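Got some structures for you, see below.
Note that chain A is present in both complexes that follow, paired respectively with chain B and with chain C.
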Partner chain A sequence: MAKHLLSPLPGTFYRKPSPDAPFYKDVGDTVAQGDVIGLIEVMKSFNEVRAEQAGTITAFLADDEEPVMAGQPLVELG
Partner chain B sequence: MSIRIITPGLSTTVQDLGRPGYYHIGIPLSGAMDMLAAQSANLLVGNPEGAALLEVVFMGPEVEFQRDATVAVTGAELPPKINGEERPTWTSFAVKKGDVLSFAFLKKGARAYVAISGGIDVPVVLGSRSTYTLGALGGFEGRKLAAGDVLPLGEAGNIREGRTVPEALRRSPGSPAELRILTGIYWHRITEASGRQFLADTWKVAPEADRIGYRFRGGKPLDFVTREPPFGAGSDPSNIVDACYPYGSIQVPSGTEPIVLHRDAVSGGGYFMVGAVISADMDLIGQLQPHMPARFEAVTMEQALLARNDRSRLIDRIRQALA
Partner chain C sequence: MAIRKLLIANRGEIAVRIIRAARELGIATVQVHSAADADMLAVKMADEAVHIGPPHAAKSYLNIEAILAAARQTGADAIHPGYGFLAENAGFADAVEAAGLIFVGPTGDQIRTMGDKAMARKAALKAGVPCVPGSDGRIDSPEEARAIARDIGFPLMIKAAAGGGGRGIRIASDPEEFEALMAQASAEAKAAFGDGGLYVEKVIERARHIEVQVLADGENAVHCYERECSLQRRRQKVWEEAPAPTLSPALREKLCASAVALARAVNYRGAGTIEYLYDDRTGEFYFIEMNTRIQVEHPVTEMITGIDLVREMIRIAGGARLSYSQSEIGLKGAAIEVRINAEDPAKNFLPGPGPITALTVPGGAGTRFDTMLYQGYTVPPFYDSLLGKLIVWDETREGAIARMARALGELDVGGLKTTRPLFALLAADPDVRAAKVHTRWLEPWLEENQQRLQEQEGTGS
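Presenting the complex of A and B:
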């Protein structure tokens, strides 16, 4: 069964640290526990989303700049 | 006797019913953004309604208890867990010394209130234990909580576990949230058509919304009536000669994004206000998540006062249900 990395917060999801920077992670990349996979913007702060488990990214389930809810799957791990 | 913060969550602060009486010198009300939920939480654990509790935003903290206590979590649907085992919201439950309170993901709403029997016994500053973070005033060292903080608890009365606020007495915003407003003395600054549009549009909560102000976007920009700026007002059509900002007032800088001033707001400035959200609906704003839809509905002063009475009666019914 696929594993998911979930958003800890409601807000706006960003896949990169600044508008002209590359994505933190792409499909096919491996993630270790604690790796930053994106940011959630809420209440004038940008909060890093860290992987709670390790794996290889098979899909992004939320796009860059997409509104997300707390508990929403952001990334699928193979 | 105390609690220890293991992880703080996003922005967890000590709040009570606020610090009214100093707004004219620039010190805001502060206090719980959803007052009804905060009062309910205190009543559930047998505290006075104005006891200090934790306001938790979007993401829960982890808290270790250093004595036995009764706890209740109200407001947002942020399911509490004791030593990993889920507990119901809006219901008091017992905790033992050494137990750890944590939370599952937020399901609904924005702010949860965590009342602990005895209340949080931080010093009273200007009549309140509420935290005003911008002014570094009150609460725990004037700031949001951090890992390792140890907060003293007051003396608790009897254990009161297993009491519940009936669902019919819990209030939460609909979707879209309907926020009733009184239009204000600057309403004439926008055209009649623009005023109608403002009330017809569905707005969305901006991610920046916080305890200072709730910002909305997505509606049509306002059209101002042309004028010569009066002496002392800025040149932007949304500027006025500096004036007082009431709690709940809705300013629209440059006519684009309405901001409803809330518990930690500044008390004056130079932006015109279309009106103010009625006092009865301010609790609802505290439960709005980013990107949630909301509409503004104009009501009369009479309707606003009736709504205020309805809200008072609701508090009375909660008091009776938990007496």
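Presenting the complex of A and C:
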């Protein structure tokens, strides 16, 4: 069964550290536990989203700059 | 031409504030909103509401085309930008006027001049307003910056010429640090604002933040006295008062006259605030910047002068002359405002949006609560954390602090952590009560009082 990485907070999901920067991670990348995969902006404060487990990213379930709820799946890990 | 229908290009408590002023003037209101704000209080209060885009501000409240389309669609003849978002965007002011509408605020060129730190400084010096020792204009070369640094000494503040709201500011305490930070600051300014120009000035240590409210109609200008906002966290004001408690009447007169001189020098139109650093040991004050919009903390000025600043700025935008001559504007008593934010002061001000399960709002003599909250409302995570502003007035500052403590005791925002416990402690603090504060007073105080803030929380505050 695919593992999901959930958003810890409600807010806006970003896949890059700044508008001109590359994505933190892409589909096919391997992630180690603790790797930053994106940011959640909540009330103008930016919080890093870190992988709670290792794996390979098979899909992003939320787009860059998409509004997300707390507990919403952001990434699918294979 | 008097305004008939006003579109509010903002959200939250300031949108509510603007609707109230417009309604008293008999002006119809149009509230624009993002998909996340369909149930906000201003949408419920306005005569009409228009959905302008997704939650992300860049796609809604910062989307100039969508806002102008909403104005066309509803037949609005004026746009009030509030504060933040597009309020100090000169291109927006120009676009509003180009569309044949009234921008409730200054001209695009005035925003441009005062919004550029180097240009604003030049205008201030020309009007005879004292400025912090620093570069007389923007600097583009490291050699130039080094020469100025040698001249004025350390510590030095490096700012982006195009920056604002405390962004991109760095402090260097020696030449070595200065070299490293200058390169960083220029690269960051280039990335953030598309302009790597810098501005260097001396750090005035242990200064107070004092600002003068002005009103102007393009020809004449008056001041509505000053506010002191020295209690800041990360350069964000948390507690504001009027008048500045330690300013002598002679110095007050000099400070306010300098603000009026600057407003006149640029033929300013609308409500504006001229910000200064004040060194109470030397009695010197220095211009830092002008905010060309209504400010969050404007109600303390309204409380001590009795003037409705938002109403006056709408009247002026509609073509009216200033309603007041300087001699008609008096200063009475003392007012304090605190910002009730959806942040947990016991957890390093962690923001926490969510549903409002219960709400008790303070009332009584000299008490005002400007808010966007209502019971059952869900505070969205996409915008800033300001929920409301608790404002009190009394005949004396001591009375106002006692009233603030009393009013904070009545305030109950159920469901969210707020900054209320912080203000209960500040209102009881001996330094705050004696007005012995400066812009770097609050941050160390927060560290020292971390445990008390956590205990305060434990009592259900």
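Following the convention adopted for this analysis, the second predicted complex is superposed on the first by the 78 of 78 C-alpha atoms of A that agree within 3 Å, B and C clash if a C-alpha of one lies under 4 Å from a C-alpha of the other, contacts with A are read in each partner's own complex, and residues count from 1 in each chain.
The rule is short, and it goes like this: a contact is a pair of C-beta atoms (placed from the backbone, for glycine too) under 8 Å apart; a residue touches a chain by one contact, two chains touch by 3 or more.
These figures come from a predicted structure and were not determined experimentally.
Enquirer: May I ask you to decide whether A:P8 touches chain B, chain C, both, or neither, giving the answer as first, second, both or neither?
Expert: A:P8 sits against chain B, while chain C stays out of touch.
Enquirer: Quick check for you: in the superposed arrangement, does A:V42 touch first (chain B), second (chain C), both or neither?
Expert: both
Enquirer: Have a look at where A:G71 lands relative to chain B and chain C in the superposition and call it first, second, both or neither.
Expert: Once the two structures are laid over each other on A, A:G71 reaches chain B alone.
Enquirer: Is A:S18 contacted by the first partner chain B, the second partner chain C, both or neither?
Expert: The answer is second: A:S18 touches chain C but not chain B.
Enquirer: Across the two complexes, find the residues of chain A that touch chain B and also touch chain C.
Expert: Common interface on chain A, chain B vs chain C: 9-12, 41-44, 67.
Enquirer: Any idea which chain A residues touch chain C in the complex?
Expert: 9-12, 18, 20, 41-45, 65, 67
Enquirer: Write out the stretch or stretches of chain A touching chain B in their complex.
Expert: Going by the criterion above, the answer is residues 6, 8-12, 41-44, 47, 67, 69-71.
Enquirer: Note which residues of chain B are touching chain A in the complex, please.
Expert: Per the stated touch rule, the residues are 10-11, 57-59, 105-107, 110, 207-210, 289-291.
Enquirer: Taking the touch rule as given, give the residues of chain C at its contact with chain A in the complex, in rising order.
Expert: Contact set of chain C toward chain A: 36, 54-56, 191, 342-343, 350-351, 353-354, 381-385.
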